[in-house]
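Two complexes come next, and they have one chain in common, chain A, joined by chain B in the first and chain C in the second.
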Partner chain A sequence: MLAVSVKNLSWKYEHATEFALKGANLDIEEGSFVAIVGPNEAGKTTLVSAIQGLIPHSFNGVIRGYVEVFGEKVAEKSSLELAQEVGLVFSDPEAQFTAMTVQEELVFGMENIGLTVEEIDERLHWAVEMADIADLLDKSPFDISGGQKQRVNIAAILAMRPPILILDEPTSMLDPLGKDFIFDVLTTLREQVAMTLIVVEHNIEQIAPLADQIALVYDGQVVKVAEPREFFADSGFLSERHVEPPEVTALAHWLREQRYYNGPLPLKMDEALSISRDLLKREVK
Partner chain B sequence: MSGEEVLIQVSKLNYVYPDGTVALRDIDMEIGTREFIAFIGQNGSGKTTLSKCLNGLFAPTSGSVIVEGLDTRSKGIIKKIVTKVGYVFQNPDHQLFNSSVWDEIAYGPRNIGVPENEVEERVREAATVAGIHEEIFQEHPFFLNKGLRQRVAIASILALRPRTIIVDEPTTGQDRKQSVEIMNFLKKLRDEEDHTIIIITHEMPIVVAYAERTVALCEGKILLDGPTREVFSQPNVLAKTFVQPRQITRLGQQLGDLDLPPDVLTVPEMCEIFGETLSR
Partner chain C sequence: MSVEPTVQPTSIKKRRKTLLGFVPEESIFYNLHPATRLIIFIVSGFAPIWIDLPEINIAIIILLLVLFTVGGVDLSRLKIYLPMMVTAAIFMFGIRFLFPAYESGYIPLQVGPFTVYYQPIFWAFISYWRIFALVFASIFYFSTNRESDTLIALRAFRTPFAATYLMALSLRSAGMFMEDFSIIRQAEQARGLDTGALSLRDRIKLYTMYTVPLFSIAIMRATEVSAALFARGYTISGRPPGKKKRAVYILTLHSFKWLDWFVSIFFILLFVVIVYLQTVHGTFRIEHSPMNHFFYNLVTR
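So, the complex of A and B:
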């Protein structure tokens, strides 16, 4: 079943002179992990805002085409319904806090939707484990590092158990250690949770190995959607649009062009190591 | 240090924040003319504190920072130091507060008492170097795109004519194309205008592509300071800073048993090594 279907979607923000989206199309299978990449101002945030329903519910503008979530048009759903179906984590980790402690922050949203104490407890425990923040529960959300804040944000949204979770550049404002922690959380979610995950991300090297599909947004359109190895196969198309494959993928690409190698493109280090070892050992003998 | 002449001499620099946090411990370094240096390390490692000591915003708790002969501990020295070392904030919005691009760039020179006719000359010169066109001189910086706001922030520093320019996270939040533009601009300032450029960054591809010298900081100390290639060829030391070399460098380092070198910095270099080995 499709979790999300974006059909010929165009959107112009009120007062803008140009359309931010110009006939974008994207289908996302339920339970899949989709990475959205592309330059700044290409329309990535606008696209995920339209999937979450912020567009058109909270922004004014001109819309053509439509978005469906689980087969129903977003424009016809209520904001409450959408909030329960689609969770959204922003890049600025400060943006979402209101409570005095991390635990209160996490409980707040659940109380708001009228869950029982038992249900809140169970979800809290689960979300804390997924985001790896057990040691932060008693702290103030304002006294923890940016990377920790972002994990709290993710836990708060997870606790609402939306079947679709969108993260819009969750690592762009974090230092390398903070980024690595977020990618660890994404890896856990991918392996252990049946959610549909949509992640807008510039760090292709870390996101590509996690993704079932990569979608490239460029100039208001989704210009390419493919499984990662296929996505990186046409390196000319990508580099014209300022997208670089992971470095080990680029190396293997060159090895294929030179006919030293004809297997599948590697996406991560361990795959590249085994390909390199095979090639180099054969030569060393 | 690779420059011909010492611009900044740092000796036994310690810096302790008023709350008692020790931010820098026994830093010794020299910064020369026409250098392109990257400061790397985790948040809290001391990169930004060190930079603020270099341009006199912070006076050393002990030890000294001598900038082109001026001791940053001297009273009333800050207006002179800012004409030697410029510091561009990580977020241009923390720096831009005037209501027009022109006033923003003119602010620094006016603040140090440059006469108004020379202010105009400096603004035009800085704007030209930073690629800011006259049409936007009267626009509000807030309404420019981020790349342009950053150029305005840099131009406002250039107008003070410092020889050394420190840029805190020039590419954070920028996409690849914007990053290349801003970095090529900084490189041009070094290559054509003879500035020394220091960048503070978490992005190793940027370090490798632009910085000839890399300083890795950890818990307020300098862990490694040398040519970028040498710094990245020591993954075990670098690991203490939680900074990883680029993926292609790590690939070489993990294939050391097959005679791959530990200091490969780019994909084309690695392709060449594979090509030579495989065509034998």
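So, the complex of A and C:
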């Protein structure tokens, strides 16, 4: 079943001169992990805002086309319905805080969607464990590090258990350690939670091995959607659109050009090491 | 070569950061429900309004200082309020020197070139200690309670969720406004601006100019917070779908114990008694002040 279906979506923000999205199309299968990549100002955030319903509910502008979530049009759903179906974690961790302690921050969304105290308690413990933030519950959200803030935001949305979870550049404002923590959380989510995950991310090295599919957004359109190895197969197409493959994939491309290697493209370091070992063995023979 | 062991301080008071300062990590007052603490604050903060006697207001301040110590608050932090106390004294007494406000029956006093009158000066003295009893009660409250405690207390009093939420967002925006202001100032200093060398006129101009980036940032943040609220399914009424009653989870973590009932009832009764005694019997009026009698006898001798 399709979790998300974007059909010929065009969107122009109020007072903007150009459309941010220009007839974008994207289908996302339920339960899949989709990475959305592309250069700045390509329309990635606008696309996920439209999936979450912020567009057209919270922003003014001109819309053409539509977005469907589980077969129903987003424009026809209420904010409460959307919050229960699509969770959105923003890039700026601080801009999302609306409470005075981490614990209150986590329960806020659950209270909004009408859960009972018992349900809140059960989900709170689950989300805290998933995001590994048990020691932060009593702290002020402003008194913790950037990586911890973003984990709190992920836990806050996770606790609402939306079937679709979108993370819009969750690591863009974090230091390397904070980024690693977020990718650890994403790995845990991928392995343990049956959710449709949509992650807008610039860090292709780390997101590619996690994704089932990668979508390239360029100039307001989704210009390519494919399984990661297939996505990186045409490196020239990606380079023209300012997207570079992971270094290990780029190395394999070079080896292919030099006719040393003709196998599948690696996405992770251990895959690249295995290829290197095989090549070395062949050379020695 | 031997290495000297590092000397570890034996007692470091751990503190928690709040938007407006710090509170101790552990305090005897945390045994009380946040609602009880708010009641104590309201009573200790408002009672001085009904009390003219400086002796009692000074006693309240001394009692609050004892409570500061009992509550684990670092008394050295109170130093930051000293300039405020001095400035307030200069203004309150200075006005009586510059504008003595004579009425018949007032006792004139010659202080250098100034002719002042005893009664207005003593009223300034009364007001000064009354205000500071009130200020100290506020400092005490915010030194032993986090913003979230205030919200829990208000929610325990069944204040509408939207109102407490608005208050939380206001407190949050105040903290962020100060942080943005500090970043803008640091950026200016990094680019070589020496505000100490500026004339008063230029400083006023500079502060006026700060409003432009500060308001731009505030508008941007408001948009972001509004988007975050939308994503978390918040509606302006704060009511969940299906007209259900909102579950306030945080209240379930705090129970109102017998000690809370005892303390709350005691303070509420104390407040009622103070108001009753003053309005009906005038118990705390200036004419009952031993200090007033002493100084009056001194100046009329």
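What we mean here is this: the second predicted complex is superposed on the first by the 283 of 285 C-alpha atoms of A that agree within 3 Å, B and C clash if a C-alpha of one lies under 4 Å from a C-alpha of the other, contacts with A are read in each partner's own complex, and residues count from 1 in each chain.
By our rule, contacts are C-beta pairs under 8 Å (C-beta built on N, C-alpha and C of every residue); 3 or more make two chains touch, one makes a residue touch a chain.
If you're wondering where the values come from, they're calculated on a predicted model, not measured in any experiment.
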Clash or fit, chain B versus chain C on superposed chain A: fit
Which superposed partner A:T17 touches (first chain B, second chain C, both, neither): neither
Chain B versus chain C as contact partner of A:N262, first or second or both or neither: neither
Touched partner set for A:N60, first chain B, second chain C, both or neither: neither
Partner chain(s) touched by A:A272 [first = chain B, second = chain C, both, neither]: first
Touched chain A residues, chain B compared with chain C: C
First (chain B), second (chain C), both or neither touched by A:P39: first
Partner chain(s) touched by A:G87 [first = chain B, second = chain C, both, neither]: second
Computed vertex angle (chain A) for partners chain B and chain C, CA, steps of 10°: 70
Chain B versus chain C as contact partner of A:E244, first or second or both or neither: first
Distance of closest approach, chain C and chain B, by C-alpha atoms in Å: 5
Residues of chain A contacting chain B in one complex and chain C in the other: none
Interfacial residue positions of chain B with respect to chain A in the complex: 42-43, 145-146, 172-178, 202, 242-244, 246-248, 250-251, 254-255, 258-260, 267, 270-271, 274-275, 277-278, 280
Contact set on chain A toward chain C in their complex: 49, 52-54, 57-58, 79-80, 82-84, 87-88, 90, 92, 94-101, 103-104, 107-117, 120-121, 124, 139-140, 142-143, 156-157, 160
Chain C residues touching chain A - in the complex, by the definition given at the top: 16-19, 146-148, 151, 165, 168-169, 171-172, 175-176, 221, 224-235, 238, 240-242, 244, 246-250, 252
Chain B-facing residues of chain A, complex: 38-41, 145-146, 172-173, 175-178, 202, 205, 242-244, 246-248, 250-251, 254-255, 258, 260, 269, 272-273, 276-277, 279-281, 283-284
